[in-house]
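The next part holds the structures, each set out as structure tokens.
What follows is subunit A paired twice: with subunit B in the first complex and subunit C in the second.
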Partner chain A sequence: MDHFTDKLPQMDLMRSEKMTFVQLIIPAESAHCCITYLGQLGLLQFRDLNSEKSPFQRTFVNQVKRCAEMSRKLRFLMDQINKAGIKSSLSVLQSDTHLEDIETQLSEHEHEIIEMNSNSEKLQQSYNELLEFKIVLQKACGFLVSSHGQIVSEERELEENAYSNGDFVETPFLFEQEIVPGPSKSNQSGLRFISGIICKSKVLRFERMLFRATRGNMLFNQAPTDEQIMDPISAEMVEKTVFVVFFSGEQARRKILKICEAFGANCYPVPEDISKQTQITQEVSSRLSDLEATLDAGIRHRNKALSSVGGHLAKWMDMVRREKAVYDTLNMLNFDVTKKCLVAEGWCPIFATTQIQDALQRATFDSNSQVGVIFHSLDALESPPTYFRTNNFTNPYQEIVDAYGVARYQEANPAVYTTIIFPFLFAVMFGDWGHGICLLLGALVLIAHERKLSNQRLGSFMEMLFGGRYVILLMSLFSMYCGLIYNEFFSVPFHIFGASAYKCRDMSCRDAHTTGLVKYREPYPFGVDPSWRGSRSELPFLNSLKMKMSILFGVVHMNLGIMLSYFNARFFGSSLDIRYQFVPQMIFLNSLFGYLSLLIVVKWCTGSQADLYHIMIYMFLSPFDMLGENELFWGQRPLQILLLLLALIAVPWMLFPKPFILKKLHNERFEGRNYGVLNTSEIDLEVEPDSARAMQHHDDFNFSEVFVHQMIHSIEFVLGSVSNTASYLRLWALSLAHSELSTVFYEKVLLLAWGYDNLLIRLVGLVVFAFATAFILLMMETLSAFLHALRLHWVEFQNKFYHGDGYKFRPFSFATLADDEN
Partner chain B sequence: MGFVVTSLIFLLIGIIASLSTRIFFNKGPSANLFHLTLVLTSTTCCWMMWAIVYLAQMNPLIVPILSGE
Partner chain C sequence: MYGFEALSFNIHGGYLEAIVRGHRSGLLTTADYNNLCQCETLDDIKMHLSATEYGPYLQNEPSPLHTTTIVEKCTLKLVDDYKHMLCQATEPLSTFLEYITYGHMIDNVVLIVTGTLHERDVQELLEKCHPLGMFDSIATLAVAQNMRELYRLVLVDTPLAPYFSECITSEDLDDMNIEIMRNTLYKAYLEDFYRFCQKLGGATAEIMSDLLAFEADRRAVNITINSYPYGHEELAVCEDIDQVRAVMEKYPPYQSIFAKLSYGESQMLDKAFYEEEVKRHCLAFEQQFHYAVFFAYMRLREQEIRNLMWISECVAQNQKSRVHDSVVFIF
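So, the complex of A and B:
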């Protein structure tokens, strides 16, 4: 068998691609070009040779800063375009524009836009102020006219002052002047007023404050504005109130002005004279219309500037991002002694070496360099990164496996089997071909819109769904298959594959409800017999069937895992692992749970009434007792004793020999210290994979550590065999839950609603059934079964063989740059 | 009898599927081996599922007892 498997070609996704550690020596003038072409190729992972240096000590830090500055300007321009709501059309692809040109253009545009923005802000502020003034004029004029008479009468009251002559206080003619009292009126006693506008929410407090400050010697009139206006300072739309405060005295005036300032009320001087009022109102209106025209012109100018640059932005952003990545990579390289060459080190797959050399040659040619790039392989101390070449179909499965842990370099990849077994175990828990059809439709929709959706930016949930579309496709196909086997279509069985195998004992079917039907034919050819659905003994039968099915699947799955560990051991040439780990593990698992599976199959085939629990338990408790009616086949008792002995021997077999043999081998190897260390794998498997193979490990063989490690591993396996086998019973549990939920929704919602004659109740029932199916069964159950199938893979399957302590190959590639940023 | 016949049918379907993937999706030896693994795995899973359910119904220990009035 071994020769046969050796002659087979290496399977595609089974083990990581072979990687090699390479060193490049690049002359300085072609460095930028080389890295750019390597980024386009995307198959080389650079190692950071300057990791001790801070970002500011690196060589190309200025260029990186320039690129960062440019991307900031680009983001600013994109922001402005979005705010202005301009749709930019993609411009025609021009020839290569250089980075310096882009830089100058960008700074010009940015400067322009900032200037235009600040200008329009100033204009907008004056516009708002003028608008407020206009409103104040409108409302306050009303007060002044009505209170004209009041002012006169109140002034007459204050006639004790010599200055009171019944004249009105002169108010300024044009709004630029303040209310300046004339020298002859230094002792103001006439009634004056201040008019302004204030936020509506503050009016009450304002009035109260004024009242207190002037000790009641004031008259406060207010009128709210009809609509919201823009506040000049905060640039929000607020409701405001126009007010007029009548007062007398200079002190009162100062106090009132201060209070106005504190409350953020804007005071606008309003002339008392009606003619002056109309004049000022006209002036204000004309200025307003002028400002409006200016503002509009300004906005149009800015939008034009933005749209002219908008078409290029996406392309420029891409270029700047690439340049920054190239300089970041250049920062990882070392200058060699002569300062004329850059040294790069990294990992690349062996199949890519020719492509890389091609790219380097092209770069040398394009940058007109005299000297070519030197490219050779080195030996590395650390273990290589893991690289699997996946396509759209296998990528989600590889990601599922990687989510648990990236495979160690060149160990067996569980994704090969996960591709089929994961959807299959999902389907065992989901089995209903009606729901399977719904899932299939969903998957087909996603696949049909593949091209469109892959270019869009999707939300994180949709992205996961879209990325896993082929997983969902396989899940739905297997669900339909398992649904046909369980004979459930939205929990309704059908007679698709012929008549049922059960019929009544006699024509009257009297006994059907007490003793039940009788089997008169061969079993139903495909799947569960439809007679079971709705019968009283349905659950005992299905439970027994599904539990035994789970155990059988579990034992087979775990055996597959152990077989993969055998193939790993063969690949790494570790016969120690085969003899002292694989063999006892197989013996232990199969002598106990493989035997249980055998008993299950024999019991089914013979139809005996033996109690399997009893057999298994008493195999341990009293193996030498006679079996009696639990005897399923001849020679069962000696077989059981033999299997028990084998299992008991297997435990110390996997526990003790390996550490002692490792110690012996280690001592043998390092007896002659002058000899170099050969690349043997026994020790490498025990030791951390990324430590040096060199001489350092002479004395590092810690026997107690190795022994404890082996003991933990063995105990984990022995105890885990019971718990892992039992864990597979979740296949039964979830499938039961799904079937019961489905039955409840069908019988208690749909059938109940359909029983009534009323169309409305039927419709409501249908709608409730549809929603319950969609949300609970299709979404929640899908996620639940997905999770449990995932757990079965990650824990029960993979802990038989998978180490998962490698690291992923992340090449320097322009294609992944966009993904990284998003 | 029905068991053996249907198992042979599954085997036949498996062989036909493997051959058709080899014919229609021939992409080199390593990819072919991968596709073969996928087909074999799915055929085995499907056969096992069917076989388990069939065997369980061959000699049942309980029979359907109709519920109802």
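So, the complex of A and C:
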């Protein structure tokens, strides 16, 4: 056995990459270059040697701050470009721009843009004010005409008549002009007015406040503007309302002005003199058009400046992000005693050491450093990180395993088996080749657009689907396989592999559902016989088949898990685990459920009528009784007694020896050590490096803790082997549910609708069927089968061997930076 | 209905309680404060804060920072949290949340009225107002000449209106009257809030009554010390801090506060009170299914912003030795 396993070729994914802890001593002048090259390589995980220092106490804090400032400017420019709606083409930049150049260019650009912005902002503000003024002029005139007309109409009736009688062309403006004196002069009635413009949302409250403040002694007129205009202060597009308030008295004026100020209403003086009005309107209009031209020119200028920056922006952002990452990494480094070198520590996979050394040499050369970088391995206390080299296909399966827990360093990786077993178990629950084809099409679409989709930002749901495209592919293929075995195509059986082996008892076929069918030829060659669908024997047969099949899969799957624990123990050289954990576990599981599987297979092969429940139950209750008609093969009774005995022995076997042996080993190892500790002086203890002290701390052996731990494990295994086997019955249950559900949709919706000779009803039936298939069977059922397969892996399979308490290898790499940023 | 909140609380309050507990775990810790206290410049503070929940609010600020910018942005974070919670809240939680802001409203009213009294620009005053205490017609406060007008013109539309019943006089507004008004309003507000919490019942009533009672006591003591003879009966006759101490030491919860102070010292009293307050607010998080966590979170965040303001001021004015004078560690 040992020879055999040793000769097996190494499996890539089975064990995580061998890692080594390395120390780099980098001359200060080439440090930046080294880290940059290592970032490009992306195979070294740095350890933070300054973790006790806060971010601003570190060496390269100023550079980090500069980078942060630059990225702020970049964000500002980006924001401006997006606001202006400029789409600039990506220009190819000369590749050797320095960070300093970018920095100066950036601040120039920022300065320029800010200046232009403030200029145009002022212009824009006065433009908006003028625009408001214009609108107020237009609207307020209307009020002035009507209200003043009313007020003075009585007084001036005579004159009015005189005018109207004459040949005078009576326009309201002229009329107004003649009879109403300006507001500055004291009016006959003491009536004055204030006109202005205010946000529409505030009008009601504004009017109420005016009413309260003047105790109702005012007249409020309002007219909404025709379109949204920009507020001069907040520069937002709002709906506004022009108002004119008439009042009398100086005190009221002060109050009203204050209220206007408080509500942010802009007041504009409107002269009552018509000629003045027209004059002002003209002035305002001409100034508006002037301003408009200036503003346009300004915006054009600004857009040109922005688009010139826009081409470089993406590239610069990338560079700045990289620089910041480099300085962040440099901040993790320590200065050595001479202050001329930086010391870095970190993890790298062993296969990468030559690549790293190569990169370091290039860095030394490129930075013209006199001294090379010293690169050497160290011993490390902590366990190394776990690193699997995955590809597009294996990555999602590794993710499934990692979601439960990252593998301990070099421990057997369940993802190797998950790759096939996971989609297979899914398919056992989702066996229908019609649904399988739908899934396959979906997966193929995702795979066909792989290149395009991988560069896009997808929504979280699509991203999940896209990430798992190869999982879906295998799931669909296996579903089709299982569907062919179950002979279900959207729950409809097909005669693909020849004719059915069964026929009805008579021509009318009336008793197929009551008494059953007759077999008249060789069995159907592949999968379930199509004639069984709907017959009396369908459910009892399929249930029995799927139930037994689930148990077989479960026992095999769990045995694989225990086998993996053997490989783990062998790999880590722990014969204790093999002898007192692996062997009794194997015996216990197989003497009970392995035996059950054997019975199932024998029953299938011989076609016996034996009751397996009865056999299993009476194997425990009365093992010495005769089996009678339930005997499947010769010597079954003694075998059962033997297996029962083995199972009984296996329990104390896995419970007691291991903790006691561990205790003995511990005592032996530390028998002589006590004297040693006494002899060393206290000074020695302090000089001792961290590692030795940590070792001593680690070696505290607490027997009761170990024993309780072992007890929990044993009980968990013994109880678990029963409950886990039962748990695999979910394969049967979900498969049954899926098939019944699709039968219901097919028969009760599609066939029912087809029964009517009405196109509309048929169409509705088809649509309902399609939606039910898509949303319930293809989405909900896929999800539930996925989750159950996940559970079978995480719980039933992985708890046999998987520790999952490692941590992931996170190398310093530029490639992953962009992902982190978003 | 004490004891049955667990059954139904999560229907409406569960999501928000989870949110507020999440916010609470984002509060700065002692380690953060220790790091902040070591900062040399305001940029260092910004850098440190960028790793906290304030990060997104400060990251786009150009480099020469001012204390006001930091405080403003940090307050913005609090306001955003509050608005988010208020949006999601249903009755009676939304009313509870609104009650929390009334205190700021009172302060803002007082700020504007005092400001206009001293002929300050209204816009300038508005910028100084706490954003949580803003209401629609707040700027109109400047128009009012006396209490009656204040009420009739502006406050009648605000939630503060009922609290005003004791203040309606035709007296002119002067500093003294405004201060009286502030405290009368506050008293009415606390009482009303207290009644509201009692009506809610359960753990909310229990915890909130403790927190509000403490707040009321703190205010009473402060009024007494600031030589304004109005407070609890015994406090009312006190004339200096030591007499206050004599009165307060009769009450066990305050004994410990005054025990920390040496005789005749009153500057540190504020800090001692704040520390006690923070302790009580933190304790509010120990129970589940009640609304006091929202109140406690808002107050803790405000304390945190006060701390940040003090630290930033100390750093900006090179007074780092005094940093610890007024910083109240929360965790």
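Going forward, the second predicted complex is superposed on the first by the 682 of 822 C-alpha atoms of A that agree within 3 Å, B and C clash if a C-alpha of one lies under 4 Å from a C-alpha of the other, contacts with A are read in each partner's own complex, and residues count from 1 in each chain.
Simple rule for what comes next: contacts are C-beta pairs under 8 Å (C-beta built on N, C-alpha and C of every residue); 3 or more make two chains touch, one makes a residue touch a chain.
Quick caveat: nothing in here was measured; it's all calculated off a predicted structure.
*Asks:* Looking at the overlay, does A:T515 come into contact with subunit B only (first), subunit C only (second), both, or neither?
*Replies:* first
*Asks:* Between subunit B and subunit C, whom does A:K258 touch in the aligned arrangement: first, second, both, or neither?
*Replies:* second
*Asks:* After lining up the shared chain so the two structures overlap, which partner does A:I420 touch, if you call subunit B first and subunit C second: first, second, both or neither?
*Replies:* first
*Asks:* With both complexes superposed on chain A, which partner does A:L342 reach: first (subunit B), second (subunit C), both or neither?
*Replies:* Touch status of A:L342: no partner.
*Asks:* I'd like to know which partner A:V61 touches here: subunit B for first, subunit C for second, both or neither.
*Replies:* Only subunit C; A:V61 stays clear of subunit B.
*Asks:* Looking only at subunit A, is it subunit B or subunit C that touches more of its residues?
*Replies:* B
*Asks:* Going by the contact rule set out at the top, does A:R212 touch subunit B (first), subunit C (second), both, or neither?
*Replies:* So A:R212 only meets subunit C here.
*Asks:* Which of the two partners, first being subunit B and second being subunit C, lies in contact with A:E69: first, second, both, or neither?
*Replies:* After superposing on A, A:E69 lies in contact with subunit C but is clear of subunit B.
*Asks:* Does any part of subunit A touch subunit B in one structure and subunit C in the other, and if so which residues?
*Replies:* Of subunit A, no residue contacts subunit B in one complex and subunit C in the other.
*Asks:* Could you list, by residue number, the parts of subunit C that touch subunit A in their complex?
*Replies:* 35, 38-40, 43-44, 47-48, 50-51, 59-63, 122, 136-137, 139-143, 152-154, 157
*Asks:* Can you check the complex and tell me which residues of subunit A touch subunit B?
*Replies:* Where subunit A meets subunit B, its residues are 8-14, 416-417, 419-421, 424, 428, 478, 481-482, 485, 501-502, 512-519, 522-529, 531-532, 534-538, 540-541, 544-545, 548-549, 552-553, 556, 601, 604-607, 609.
*Asks:* List the residues on subunit B that touch subunit A in their complex, please.
*Replies:* On the subunit B side, the touching residues are 1-2, 6, 29-31, 33-34, 37-38, 41-42, 45-46, 48-50, 52-68.
*Asks:* For subunit A, which residues are in contact with subunit C within the complex?
*Replies:* Answer in residue numbers: 54-57, 61, 64-65, 68-69, 72, 75-76, 205, 209, 212-213, 255, 258-259, 261-264.
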